Amino acid sequence: QPAVVFDMGGKFDRSFNQAAYVGLERWKKETGKNYLEFEIANETQREQAIRRMAERGASPVIGIGFGQASGIEKVAKEFPKQKFAIIDSVVNLPNVQSVVFKEHEGSFLAGVMAAKASRSGKVGFIGGMDIPLIRKFLCGYEQGVKYVNPKAEVIANMTGTTGAAWNDPVRGGELAKAQFARGVDVVFAAAGATGLGVYQAAKDAGKLAIGVDSNQNHLHPGTMLTSMVKRVDVAVYNVAKNHSPGTTVLGLAEGGVDVAIDEHNQKLVTPDMRKAVEEARAAILSGKIKVIDYMANNACR
Amino acid sequence: MSAPTLPRWAEWTLLPLANLALALGVAGLVVWLIGQNPADVIRVLLHGAFGSQRGISYTLYYATTFVFTGLAVAVAFHAGLFNIGGEGQAILGGLGAGLVALWLAPSLPAWVMLPLMGLAAMLFGMAWALVPAWLQAYRGSHIVITTIMFNFLASTLLVYLLVNWLKVPGSMAVESADFADSARLPRVHEVLQAMGIEWASSPLNLSVLLAALAAVGVYVFLWHTRAGYRLRVVGASPGAAAYAGVTPARYILLAMGMAGALAGMVGMNEIAGVSGRLMLDFVAGAGFTGIAVALMGRNHPLGVVLASLLFGALFQGGAEVAFEIPGFTRDMVVALQGFIVLFSGAMSVVLAKPLARALAWRPAQPKEHGHG
Amino acid sequence: MDEVFWGSVLGSTLRVSTPLILCAMAGLLSERSGVVDIGLEGKMLAAAFAAATTAVLTASLPLALLAAIGVAVILASIHGYACVTHPGNQVVSGVALNIIAAGLTAVLGAAWFAQGGQTPPVPDAVRLGAWLPSSALETVRAWPLVGPVLSLGLLDHSVLVYAALVWVPVVSWLVWRTRFGLRLRAVGENPAMVEAAGISVQRLRYTALALGGVLCGLAGAYLVLDQSASFVPHMSAGRGFMALAALIFGQWRPWPALAACLLFGFLDAVAIRLQGHPLPGIGEMPVQAIQALPYLLTVLLLAGFMGRAVAPRALGIPYTKERA
Amino acid sequence: MHVLDAPAAPPPEWAVEMIDIHKRFGSVMANQGVTLRVRRGTIHGLVGENGAGKSTLMSILYGFYHADVGCIRLHGREVPIGSTHDAIAAGVGMVHQHFMLVDTLSALDNVLLGSEGHFDLRTARHNARQRLQMLMRDSGLHVPLDAAVGDLSVGDRQRLEILKALYRGARILVLDEPTAVLTPQETEQLFAVLRRLRAQGTTILIITHKLKEVLALCDDVTVMRAGQVVLHARIAEVDMQRLAQAMVGRSVHLGRVEASPPQADAAQVRLVAQDLHVTDSLGVPRLRQVSLRLHAGEIVGVAGVAGNGQSELLDVLSGLLKPQNGSLTIGARTFSPQRWLDPTTARQLGVAHVPEDRYARGMVMPFAAWESMALGYEAWPRYSRWGWLRRRALQHDTAQRMERFDVRPRNIHLRCGLFSGGNQQKQVLARELAQQPAILLIGQPTRGVDIGAIEFIHGQIRALRDAGCAILLVSSELDEILALADRVLVMNHGSIVGELPIEACDETRLGLLMAGQTVAVGGGAA
């Protein structure tokens, strides 16, 4: 029986955690088996929740989000016979599967679309917690924007420096409004539940927004230009179905990241934009464009 | 015509129990309202808290933290002060223990390191409590407000230090590096194992003994030492304190210093005992739970210990219920805690009169004590 | 740092300050009557939850507002029952209400909407948008110099923001210029005297608490109907305490309390914009330092290092006629 | 003896009838079956010991407290008085013993409160100011209307309180100890105002401890004792002696034990105070240039109307209050205001202190009896060592002292607050006397204490004196002073206005001195 520990933000953040939830639900439907779950409410509960899952014999125990890395590492050592998995971080243990994504590639495509959609030549980025992972999003996004329009300006803000930054829609909205005031007309939020505030603000101001992790296009049709989906659902589903220790990297090629185009944003995606995205995708896949990974060298260079 | 008063024994046993029952009743109503069966919840809760070695250990582990914060409220209360700052003092305590551990643990053995961490935890918590105490004693700033403000200041300070100084570079989690092994308080199951007793693993660590020691210490201090006596005089009757030549300011500082040190010990339980590194929000509202604990326990160390066990059981059992019963969240325990504070604290006297009347409603009236 | 920047900072300041102002005015009424109001946070949170729930279920703005106000007033009445009808400890009661609100909203939210305590987003029809049509805002924005400040800073707000601002003169008038205010100020100083003057202390305090409840209700409604679009557990995030700080910082007077709220709001608005930008002369300011400033200022004020905060004399003391 | 049913026929018109009033506070029966009738248009005095229930009775009339049993008739009509609001509506006005004013508001606003008449404060103030100015002219009560009450003098506040009542159209005016805080001149002015009001038809009820005032001002008088009415009479039917006797319920002279005082050891001066001067936080002088000496083996009585500086004197001498000026010598130590005596040092120097206010000071009410028994002496080696409380010794001593002082119930674990007043007092005395002090400062030793206990306490004090202790006795009961003191100091307005050897004392003489008149006495003033 697998178990999942959602991180701060909760399984209904309509973003990262929710994607994991969707994946597990799919697994549940297909197998007819049940899984254990826990949503942590504060930082200290992570390790306890993981340990409790392990104590109950759950396997694999899946930690959603890098925040759980240290907890998984610790508990995985204590329970070497059980299986563990961590999403978005790497834990080097024989009984742990780590799943990481090439967010920079997906973000690149999002940047391409943003630059194409922007009239003002100013696009925005709102990150959740200021951590390398989010800088990775920003870095890929910036490259995509510059790829289309080298003169475009990317205005970026981070919501905060702690886990609370994933869960602060009010502040997200404020940051978005501040960016709009400076002329931004497309904003990409990689901020978990905080993003909900960003999208709402974009809608209120008649601007465009780009979702993250889950496909968030349906949240505000007409406002959501696209979503940079990170198939956490697929990852979690695979882990639940077939746990294989080691590190799994999911990028554009593996279908692990992408921009979502569906009935909710069809009208916003012009053929020109679509073409640019396809070109960029092909270039990345063929290696013609090498998208810089911020986390590889801790800088966007 | 005149209202009968509640006898003392009833004031100490019946009234708190009645208040607790009321709080549980209201919480049960809420449980029922959200479509759960209160009886099921209670059953799972009790089983989760006491039904297994592991459950008991977890209960004790939570209780340990609550004993510290509860005593921190109780000691201050005996000096007539309402210490809402347990949260901040506990944060500082953890910070103290953590800083010492990060700094010295690699080079010191456990038997030096652990006492040092305990000392640091107490000193940091104490220092944090002494500022509002000093402001109250010498500048008349109301301690309730200043301690609230100090809670916020403490948590921003912790965030600042963790984010800017203590975080492992390149790591994404806002946590310090792991402490060296010498800075870890042994877990109870490890100790028992070393003694040849099998016991389920749990976060319960040796700070549970420190908590017991603290409760005894506070009891002895308050009722068996001169300083404790004077502290209680200051709290119970400022006029009598002046008459007896006791300087209130000094005892305000003493009481809050002790309170801060006690709350700081939460750092030992959570940081040295469980997480083994400094992290955000490790106090998790225990400072506020301490208020409920002290109110329930009537500010007596024994009462605080009992109330801590109650709350420990509620927290552990509540977590278990959250696991077992879908749709039930641990927040229910938080709400219950709120009801207990309301009924045992703010409305504690509301039931006194009807209760007294119920008790007095007997055919034969017991004779009152004689008059001079 | 141009007009646009200042315009958006001003706008942000007003938006962030709005719940603070409403709560500070609520606290002012309550504390002027001699009842400590630590429960602002809880009342606001509960009201936000009520507003969101009602809005989601009924899609009606008036009902949502009414629910928010109703819930806050009920909590205020519980406070009153414990501390006005009975001589309960006001601080303990306030703390209890905060804990109950934090726990209960999450429990009920989780049970009713099965989204981990969140509510679904409130329907657009219920949300309070900008007061002026966007075309008008665009026109104003084009004006030279003052355009951005006016449009971004002052005009682009929902009616609740202006309502909060309007409450300040109203409360000020109520407190200083009316019969009710005279009695309110008197009962906070010396309740026995008010009773001796033939006025019911209890009724007066309940009235003050209920009025405060109305204001807290509006503050909560603002959080979910304007600032954000759904209820999230613990979303009040210490704003009630911040308002309390502002109230003390403003020495229990409406206008200075407003100034304190705006100052705190401004600090917040600037803090999120200055992240990572070095300040001239100071270098990069840690966000935490700015966040801590309101609390630090309040402590300094209380310590008497900057003026003296003199609380209403009867504040926090239960009024009973029986001694000991 | 008791003239409970005053003149029979023809029945005068009663302005106030309070019939069979009962009121209980916790365990205290403050009023039990009180019946009080007041003739219309008269000034009616209400006297009685502390705690007799006078204020309670009047507060019931004013609707501040609610009687457990009883009914009230005003001008012949029964009125249900459930709140102060009802009382005011029925034309009752009250000036409370403790001022009911808000310091932060202006005098005008204080008057206004509760009878604003208009929602808008400015209009209300405008209307009120005009009416008040007329009222002030008519009544002769002048108060600066725009000053904050906190800045007003005590006399101004007193006048303001009366104005407040009159402003509400009070036809029945209750004054609770209005003269306790007034100067003689102010008192005279007040009485003039009251007489004028009486002439205008207002009925006045006045509580006072100064019997002279009753005789000078009132038409009728009612005496209360222990919650009951014990005397009700026309003023012409009573004299000072009779009133005093009714108040305390026994022959006024408890009598001295010894015919002539034992000779104090004049050579052995235990305490010398020089030119003590104390000003309170409001800037009002409380002690003015007070000098005194205490010798071994004498009881020096301090007589005076309450509030004339006796309390401050005790506080200064026991180290609780620092004077602005003066010096104090106890044994070999001399203190100046820069380094004043503190209570701990005082105890070390052998100064014991029985405080006037046992409730707020003498004991810690929530503590067990044995715990209060250490109050002030907790640091003494007998009661603590190395910082540890020696509970055993303390409990042992408590039990012993309870036995010796016949404290009832004899339960060392009973909470202090649960003992009756007299038994509390015995415990405080037991604690202080047990130290075999060189100097004993004692305030109101028998306030609220029954006769048997009084005799016992008096005996203890005398025994201590005979053992060579120097005793300063402050009492507002002249009898007590006359029964115990060997030498009497009289205080008025913070000064010692007379010093008499006990042989030269009689009530008239002391009374005159207490009232602030100087008399030529053989002993001469200090």
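As written, the chain order gives the labels A, B, C and D, with residue 1 at the start of each chain.
Criterion: contacts are C-beta pairs under 8 Å (C-beta built on N, C-alpha and C of every residue); 3 or more make two chains touch, one makes a residue touch a chain.
What you see is a predicted model; the values in this text were computed from it and never measured.
Both subunit B and subunit D are touched by C. Averaging C-alpha coordinates per chain and comparing to subunit D, the farthest chain turns out to be A. By C-beta pair count, the most extensively touching chains are B-C. Inter-chain spacing, taken between the CA centroids of subunit A and subunit D, is 78 Å.
In this assembly, the C-alpha centroid of subunit B lies 30 Å from the C-alpha centroid of subunit C.
Work out the mean CA point of subunit C and of subunit D, and you get 48 Å between them.
Note on chain placement: the centre of subunit A and the centre of subunit B lie 39 Å apart, centres being C-alpha means. The residues of subunit D that reach two or more other chains are 26, 365, listed in rising order.
The multi-chain contact residues of subunit C, meaning those touching 2 or more other chains, are 116-117.
For subunit B, the set of residues that touch two or more other chains comprises 159, 163, 331.
The set of touching chain pairs reads A-B, A-C, B-C, B-D, C-D, using the touch definition from the header. Of all the residues in subunit C, the ones that touch subunit A in their complex are 4-5, 7-9, 11-12, 15-16, 115-118, 121, 129-130, 134, 148, 152, 223, 227-230, 232, 235, 237, 269, 272-273, 275-276, 287.
Against subunit D, the residues of subunit B that register as touching in their complex are 1-2, 5, 8, 223-230, 232-233, 236-237, 239-240, 242-245, 369-372. Remark: subunit A residues 10-12, 39, 157-161, 167-171, 173-175, 177-178, 181-183, 193, 196-197, 200, 204, 206 touch subunit C in the complex. Considering their complex, residues 176-183, 185-186, 189-190, 192-200, 313, 321-324 of subunit C touch subunit D.
In the complex of the two chains, the subunit D residues touching subunit B come out as 22, 24, 26-27, 68-69, 319-320, 342-347, 353, 355, 357, 360-367, 371-372, 374-376, 378-379, 384, 387-389, 391, 406-409, 411, 414-415, 418-420, 422-423, 426, 450, 453.
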